[in-house]
Structure formats: structure tokens, C-alpha cells
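Each structure below appears as C-alpha cells.
Common to both upcoming complexes is chain A, partnered first by chain B, then by chain C.
After this line comes the complex of A and B, so read on.
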């Protein structure tokens, strides 16, 4: 008999969250699944609104069957889970004694939810490197550009340039072209030599590598300029985007006319909830990010707090599905589902063997699409770095050099970098490179921006009205 | 190898009081070493609400507050930056007749200490501050008060003190303080040893720990006030705002963010960790909307808190040690330390060098908690 306990909570209904929920339901539990989106799928398999009828193949391409499987799995859980869509977990604190507490808000209500086990499957967002003009209307992240297409069937412009590096650069450009949007150019900061060197590592996932090459050749065969080893200079325009300026590896300058730019340099994990839950962080050189620590099954050192998927280091959707199942098994073990303990451990070990391949592939990707840290570190002083607070790269350097900031939180205190609406989720990685550069230290010594609640801006009225309503009804 | 420094005065704590003491001592060319276990201004001095007000201070604190206000007025000259100090005035609101009586009584009494306050009735207040909600029935305005950016102030004092020759050691944790026949010996975790004739205990919420090492036990409690800030809104609220009962304080900076506080978070003072409690902030949302209903559509973008030392009577310890010659205490500022800090540095400097300070400090004696156990 499992003792009377609070139901497990899963934050995020993407690939990891969905598989975690499925595993818990199969074990006889009824998890609470909280997600910011109206339906499951996460960012990668974002589902179109009801009434939209584009076929999965058009939306997800080669991943259509994966997406369909994930949607099917989630839809079959209806009635077996407590699904809370359109809901943000804006604060959490761990239960040092007794239950922890998380705070939720949705358009309809706000409330506090006690918990004793929670899985964070919070995913990842684009890693951004600012450049002059990046706040012009028409500039999106790669993920944002892809969501516009997947969710609403919209392109971000008539003629879109794609800049940055990473597999998403080619995938989104391909999806745009395939949907009939004009792709002005694909501008990859990673040189060809890096890709060739990466081939042995990439062989860990031959299928994904083959798809990446397919996108590249498909784009080229349709006359889309694909440039490797470029150096982005600026996004040009006054009231909107008119061109992107870049330099080729031989030093030649170019301006590609376009009316929209999608940019991104790989992914960064969403780790704020783990931070608020007091999970210790460690520097991860592969992801070039401070990540919450966890064991081989996804348990963090904080009792009752678990991690799965890209929120603990971005390995992609397929790996996230496996990690979601794995962490749910770990949670079940900790819950004392003793009768299944042995088989859980075996299954966790089997999943870990499979995940190892994704990790090797991820290392290969990092060689093929190395993060161009120098682009962030070398940002010109006058370039806007923190768009929420309007802080330039030079102001951050000044916080270090003139005011003596010895790490990024101190630079934030002095300059306001990362202090605005997004709390540094956009500018944080680049700001860290700038702080490290100004201090003359390796990036891991630049420190880690500490998270504060609310995870995203919290509407005062929504929270208050709900408090008033529960006082009336309670 | 261990480093040894001999100095005249050692300051324990790099908050505003400590950094101001270092600055004032260096203005008189006295050798000084300041030891701070994190970075200067990283606790209450750096994360407080940022109010610079005299209005509402306990009357016996007003002489220090007045003296400090004069220093705030010449901040740019003193530390090289105005630290975003603005004399916007401080408006204290009454939400019922009883609260209005409190304001009237205080205005009468404060006048005797040289603090001029303007009492505003319902209509006068609305003429001047049209954003005020229906619940507000009147207020008291202190033109002379204002607000500043706490993140900038203490580091600016530290930089100027250092430029004047203070030896400021950040990330240096004091592990032992003892007094021998030839003065004090301080050990730090980093192996630094400091010898000094005088020690200034400005360790904030941890000041009582140092006092206890010298047999002086004071009932100081670590408190963590909840604070939060909205996204930028059109600039409507110029004065620093308070209410009778102090269950809400609110200000807006010209870039648009509204900062307000109320209620308390939780802390582990030993681990130097604190966190705001969102649920206790909800009540302050309600109070904020009552006095400024146009905040209704605003989004909160951040909560935070820090650790402040509170005394039972909400007055600081500002005194010479009763047990140990050469030891000066200035801690337990009970939420008033930001405005008072600059003057505290000037006063401690006079205590260390001149004997009696030129500002009265009798109400802040360390021995006033007679019931507290004491070894001496």
C-alpha cells in the first residue's frame, strides 16, 4: 500500500512531461499536470488551436509521427490526470518540513498548491546573442518564428533571413520554405570545417544527422543561399527590418535584403523553478550554462524535486521523452512503490543506456554548431544587451570595470542588466559572456543570475480577485 | 602564508554604516581596515526598499535622521555619485480618523525636533496627488524626504573610502575577535589577521553575535521584509509613500517601476539566506491598490527580500561596549539603517576619535535591555 500522499505534480506538458504523466498513470497515480499552453506538446510539438486543420505532416515534417504519438498518449490520459492548462507556476518553495508550496496563476484563477513531489519538465528556449538592430520589429528567435508557423500558420515576414547556429536554424528555414515563405538566406556562424570534424560524434544519431543534411541540400537545391562561417554585423532598418548585414569568412561584407530575421544559437534550459526550489546548480561546459544538479535518474538533491527533459540540459525531444519516463520511475521508487522497485531500476538503466547516445550526439552537435561566445563577449559597447531595461553592453562592462562588480548578480545590481520582465532569460547568456570578458575570467567564474519569483510577470489583479473569491467562497 | 595588518580601527561589516564609517575615518586620515564577508552592501544595505525618510522616525532618532539627511543632500560630493537620490518628499497617508490623529500628533511633536510636516486633508491631498484612492482620507507630507537606489549607495561609499585609503577587504569572513592587553586581534577565514586599537561592530543583523562574544547579549531578531516591483508604468507617483501602521510603503522611480513592500518573508540568518513569501505579499497588493487604484492592471516582475536586524523597541544599538574598552557597536537598525547610515558613519567616527559625538545617542544604549542575560 502506498501511504496517503499528495498527488505528484508535473510542470510542463511537452515530451518529457507527457511521458512522465503516462508512466505515473500506469502506476496507478493521478498526477497534476500544469502547463502554460492550452494543450500538450510543449514548444517542439506545439498543437494548433482547435478548428485549425493543417495536417501533422505540414506542421511537424519528419517528426509528425512522433508528434501524433505524443498527442495520442496525452489524450488517452484524459480523465486519469488533473490537467491544468493555461497555467503558470510563478513561484515555488520546497518543503523542508512537510509539504512544499507552489503558486499558480491562470487567466481564470490563482491559487496555492501544496505538493510533496514535483517533476520540472520546463523545457528550453532559444539562446540569443544580441546584435545591433535586434530589437527592431520583425526580429524573432528561431523558436518564436517556428511557433508562429506551427501554431497559427503565420510566417514572421514575407522574406525572412535565418541567422545563428544549430540544427534549429536549418529546420525552421526548411519549414518556412516548405510552407511557401520566402527564405532570404540561412546564415550560419559555424564554419564547414566544424561540421566535418563533428561527423564522428554526429553518427550517434545517424537519422537526425541525415535529416539535417537533407534540410541543407533541400534549401540549397531551391536556390536559398546558405552561408557558413559568417559573422553577423547588424540588422538594418528604421521602423522594421530591411536587411541583415554580415561578413563572410574571407572578410567580404554583405547585406541581404529581408523584412524579418529569425535568430538563435542553440537552446538554454529554463531553470528558474529549480532555482526557486533551492536545487544546487553546477556549471555544465557542454551546454555552457549553470544547470540544476540531479542524479542519473533525474532526482535533484532537494527531496521531492525532480528534473526531466531540456530543462536540465537540452538534448532534444526524443531524449526528453525517455527522460520523462525515467524520472517518473525514480519518483515512483521514492514513493515506495516497492513491488515494482526492481523492474523500475532495470528500466531506468535501460533508458540511461539509450540516453547516452543522445548525449554523444549532443556533443557532436556542439562541435558542428559551436556556440560563438566571442560574438557576445565582443559586442560593441553601444549595442543594446538587455532589452527589458534598455541596458547596453558598455553599461555592463562599466559595472565591472568602474564599479567593481565581481560577478553577474553584482553587475545586475549596478547596471540593471537582467532585472526586467524576462529576468535575464533573453540577455543572461550574453551578459555572462560580457561580464566574464570584462573580468578576464572563464565564463563559469562570471556567476549565475539568481532567479526570483515570479517566474514570469504576475498580474496583480488576477491574483487579488482570486484571493477575494476564495475568501468569499472559502 | 597568513597576512597580518596592524591598523588603528577595524570595522566589522561592509554595510552602509560600516562603509560610511570607513569614509569618515579616512576623511580624517585615520588608518582603517574594513572586513566584509560578502561584497559591500550585499545584505540589508543593498537590497532594502530605498526610502530616505525622516518622517515617522521615533522622535529620539530624529537628530541622527536630520544629520543624515544633510549628508544625503550632498551625496555626489561625498561619494562621487548621487546614487539616484531624489528629494521627492515623503507622503504618509491616513486611511481613517484614528490614523489621521496619529499624523497630527506626530507633526506637532516632530516640529519640536526641527522637522516640518504639512498636514493635508482629503481635498488638499487629492488636489496635489490625484491618484489617491477613496480609502485615503488625508496625509502628512515631508518635503525634505526622498528616495535613492540602495544597490548603488553602499558600494559608492566603499569605493570612495577605498580611494581615500581605506583597506576594504570583501569576501573576508571574521572568525574570531578578541581583546588583549595591546588592543584587538581579529582572525578571518582567509588567514588574514588584523590588529587594531578600536573595533567597530557594524555587522547588521549579525551584530548581536559579535556583541555576545564580549558578554553583551541583546535581543536582536533577523527580519526579512517582502518587497516587490512592477513593470514600468507611466510616471505618476513622485513622493515616497507610507501609511500609518507601516503595513505598506511604495515609491516609483522615474523609469516607471513601482516598488512596494509589506509583510514579511522568511530567512535563515545563519546561512545568510532569505526568501520572500508571495502569499504574505498578497495583502500588500490589496493595500497598494487601495491607496493607488491605477496599479490595478500592473504586473509584478520581481519579489525580493533581505535580512535586517530588528530590536524589540525598533531602535538601534549605537553605543560603546559596556564590557570592553575600544569596542563600538552600531547595529540593529530595525529597518531605519538606510536613511540613517551616512550619519551613523560620522557619529561612530566622532565616538572613536573625539570622545562624545555631536549628535545625542543616549537612547540607543546597549544596556537598555536590562532583562537580557549578561555575563558581565
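After this line comes the complex of A and C, so read on.
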């Protein structure tokens, strides 16, 4: 029965994708594992290029043994999976053959892959709130600052200021200081009171909480200024960053000299492929994002489409591993694949009990590092909101007030916000807050930016190649 | 302008890799094997591209130097002399590459 069908496809070779692949291989399948990155690992366990020599401990810190275990698991799958690195899934068309047709591009060559079961394990990227001066050279996302260090051995500047909120703020600042970079300051928008209130929830993952506190005290003990409850005002400079201006909780204004800024406010899930596959979305208050709907095992309402890991709400790497295994079990169940011993349903239930802890912890994190939605909603009219198309917050408000855009896709049509090359990955969360504010409605009534193919810009050669292939196939 | 301008990125580790030479806006620059184009450009300068649009009330042509470093923001596309347009943060620098940042040119 199994042999008759197309092999399952997994998009994303991070923690979720790796454990999903492992589970499918153990059940005797040979999944296709696609990732646009040159090697497996995903975001947190991003592997450095060949020729780099730092040991795992230097790259992944406390997470080094988990990274080693995950790499070991992936390496053991060699020969049992069809691994396609450097390959972007740029579009999905549901329903034409089996569950659908997936469009890939790899080294400028386009091709199409029919599938009947696919797991999206596409992860997350930084959630950003614009700030005057945020397009200056020297301003990067927090995740970007970490990639520069992990993947390239570089700091983003001589003196880096870290601004935003969330556990990554402290982690990346610590990693920078530890690697010998100068940290100008850590500026957290979340107040101390929020952190204290969050302690009960955070106790769901005492180890992660202890590590977070360790980073904080380590930084403080080395004289790095760590400020809580700040309000970022602007990044200053002409051709590059020279300072970051901010206000303390008592109203005092400060300018911290620096030549680089790393900014981020938690993560946002990469959901474009599920959208193109016509999976219905629902508002998720915890992640403050529209997320693809799925059942307790990761099945979406669209037959053959599954979801695992941070791509369905960011719960972290350990939860992503569990969700990857869980969704693979659901896929096997739906395929009617035989299970050895314990039933898939029992295993799924057991994993769900373990995942519950990560959900409680995530709620605790949200209390400790609340997303400062007001910073986005209150952006001054002249502040640049969209870096792709040069659109200001005021232009989006005008689209609502003067042109009557009653939700974000109309605002997009009138102002072009979210229409640029990043497809709203950078401006989307803030644009939604601005539209909601201008309409005077809760954020979930501001609508959802719809994804469009290609999910990322394609090299010209690939566009021509795809056109030629389509012409051949009719 | 042949003197080495101030770089944005600072190398902290992995400095023992093989040096490579590439041309950035007509000037020969040194990078290391395994550098992305973004790294190669930013250890040698502070600007990767000029925006087609203004920003914060500024005129069009404001400098940009990437943002996400992971292929998400698309704010680091550059031209190669062979006519290709590539995303600097996800493209490895190669010996002999000729890059245009639309900067200072």
C-alpha cells in the first residue's frame, strides 16, 4: 500500500523537519526533505560553512549537546531520505495532481514536484517594529546579528546596542560579549514588573528560565548596561548608525553611542506556503498572528497538508522537535502505514502531554516580554514602515482614513504596504497594528495579509526556466 | 578612494580561512573563503545598495546594508558584472567575483 504512493515531502530541515524525517524513515518511507539553506539545522542549529572550525560549544552554548544529537540524527538519515538543500519552495498549487504541485528553484533552475502529502516545517523569522532610522546601515535584526556571528564569525559592528524584547535579546547580547564584541547596551521594552508577574508561567521550563537569568546577570556583572521598560525613540546617524536614542521609564531621554543596532521583538511564523495551499487561518492571540489552522497532531483541514514547529506558532526548538515527530505520526496514520507496537494515536497523545509544558512556558514568556504593540500602533506618520517600497506609517493611515481601506489587504492595494519584495515579512506585524489603530478596531479585525507566489523573489534565470517548463507541459 | 574604508562587520573568529580577492565597485578587496557576499562587502565598507526610495523623509538613494542576514528582507540584492542579480546574504563570495553595490559609482 505504502509503495504505491508518492513519497511524503518535508519543507524545512530544522529541528521539526529533522525529527519528522526520522520518524518517517523509521516507518519505512523515504521522504523528500527540501530546504533553501545549504545544510540542515534550521535557524537555531544553523551549521557554519565548510572550512569553519569553531566547536559546537562555541556556536550553540548550552544547546551544544542538543545540536549534536540533532545533527547526528540527520546524518544517520543520509541515504534513507532524498535531501535537497539549496532548494526554495516558491509556490504551491493545490489539487492538480494528488494533493498538489510544488514549485522549486535550485541553483537558478526551476522544476515542479507533484506531491500528495507535505509537512511544512518552515520555522520563523524575527518580528520587527520599525523605528525612525531603522533602515540605516548598521541596523540588523536580532536573528541577523546572531547569524552574522554563528555563520560568519562576525559582529555586526564595533559597538552594538541590542533593542527590543524577548529571550533572544539577552541570548544574542551574551553571545556577542562572550565572543569578544563590545555590547553598548541591552534595551528591553518589557518592564521588570512584567518579568516578576511571569515567574509562575516561566517555571514550566525552569532550565530555560535559569539560563535567561544567567545571561542577564552575566551581562550586568561585566558592566553592560541593561535597561528595562525603555521606550525606543530613534536610531541616529546619516550614512550609518552613530547612536540609539531611548527614554527610560521615568521619562529621562538618553542617547547610547553605538555603530550597530540589533533589534527584534520575538518571532513570527513563516506561513506563506500553507496560505498558498489554501489552508484556512485563524487569529492566534498568544502569537498575535494569523496562523494556519490544524488539529492537535498538526493536520490542517486540507487533506495532505501538515504543519510542525515554529511555522505554526513559535514555541522554540525543543517543542519543534516534538511537533516534528508528532506530525509524522499523524501523516503515517493517514497513510494507513502499519505501526509497530504502540499505536500512533497513543504516541501522539504522549507527545501532546509533553508539549503542553512548552505552551505554558511560551505563555509565561509572553508575560515576561510582552509584545509592545503600542510602539507599532503609535509610529509617527513620517516614520518609514515598509523598507521595500519606502512607505510611511502615515501613508497607511491615509489609506484607511481617506480611501476607506477597511482591512489590511485594501490598505495594501492603496498604499502598496506589504507588496514589496519581502512580502510583508518585515513590515506586516506593525502594518496590522497601524491599520487596527486607524480603524479603531481590535487587531484581529484588521485582516490578514495574504501570501503571493513566489514567496521570495526568484533569480531571473529561474523565471525564464519556469516559463519554458510551463510552455512544455502546457 | 583606494584606501580601505571602515567596515561595518567586525571579524571575531574564523580568521584563518583562505583569503580571496573580489572586486567591489571596481576596487579589489580581500575577503575569506566561506564569506557570504554580504560579509565580504560589509567587512570592507558600510553600504550594500542604494534604496530606490527615500526613507524617513530622506531622498531616494539612501544607503542600505541588509537587515535580516537570512534571506527574508530582500534588502541586500546586488549586481554581478556577469549580469546576474543575487541576494548578498545567501550567496557565497567567490574569488574573482565582480560586484556592484550601486554605491560610490
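Miscellaneous remarks
The rule we apply is simple: the second predicted complex is superposed on the first by the 452 of 474 C-alpha atoms of A that agree within 3 Å, B and C clash if a C-alpha of one lies under 4 Å from a C-alpha of the other, contacts with A are read in each partner's own complex, and residues count from 1 in each chain.
By our rule, contacts are C-beta pairs under 8 Å (C-beta built on N, C-alpha and C of every residue); 3 or more make two chains touch, one makes a residue touch a chain.
This one's a predicted model, so the numbers in the text were calculated from it and none came from an experiment.
Look at chain A after the overlay: chain B and chain C fit there side by side. In the superposition on chain A, contact of A:285 is made with neither chain B nor chain C. By the touch criterion defined above, A:457 reaches both chain B and chain C. Shared-chain residue A:421: touches chain B and chain C both.
Look at A:260: by the touch rule set out above, it reaches chain C but stays clear of chain B.
By the touch criterion defined above, A:349 lies against neither chain B nor chain C after alignment on the C-alpha atoms of chain A. Contact with chain C, but none with chain B, is seen for A:125 once the two complexes are overlaid on the shared chain. Judged by the touch definition given at the top, the superposed model places A:406 against chain B, while chain C stays out of reach. In the superposition on chain A, A:199 makes contact with neither chain B nor chain C. Looking at the superposition, the partner that touches the larger set of chain A residues, chain B or chain C, turns out to be C.
Rounded to the nearest 10, the angle made at the CA centre of chain A by the CA centres of chain B and chain C in the overlaid structures is 80 degrees. After overlaying the two complexes on the shared chain, residue contacts for A:240 are found with chain C alone; chain B is out of touch. Least inter-chain distance for chain B and chain C in the combined superposition, rounded to the nearest angstrom, is 5, based on C-alpha atoms. 420-421, 457, 459-461 are the residues of chain A that lie in the contact sets of both chain B and chain C, per the superposition on chain A. Residues 90-91, 93, 101, 103, 112, 403-404, 406, 410, 413-414, 419-421, 423, 452-454, 457-461, 463-464, 467 of chain A are the ones touching chain B in the complex.
Across the complex, chain B meets chain A through its residues 39, 46, 151-152, 155, 159, 170, 230-231, 275-276, 278-279, 282, 285-286, 288-289, 295-304. The part of chain A that touches chain C in the complex is made up of residues 36, 43, 48-54, 58, 125-126, 132-133, 135-141, 143-145, 147-149, 151-158, 179-181, 239-240, 259-260, 382-384, 387-390, 420-422, 425-426, 456-457, 459-461. Looking at the complex, you find that chain C touches chain A at residues 8-18, 33-36, 39, 42-43, 46-48, 51-57, 60, 62-75, 77, 84-87, 89-90, 92.
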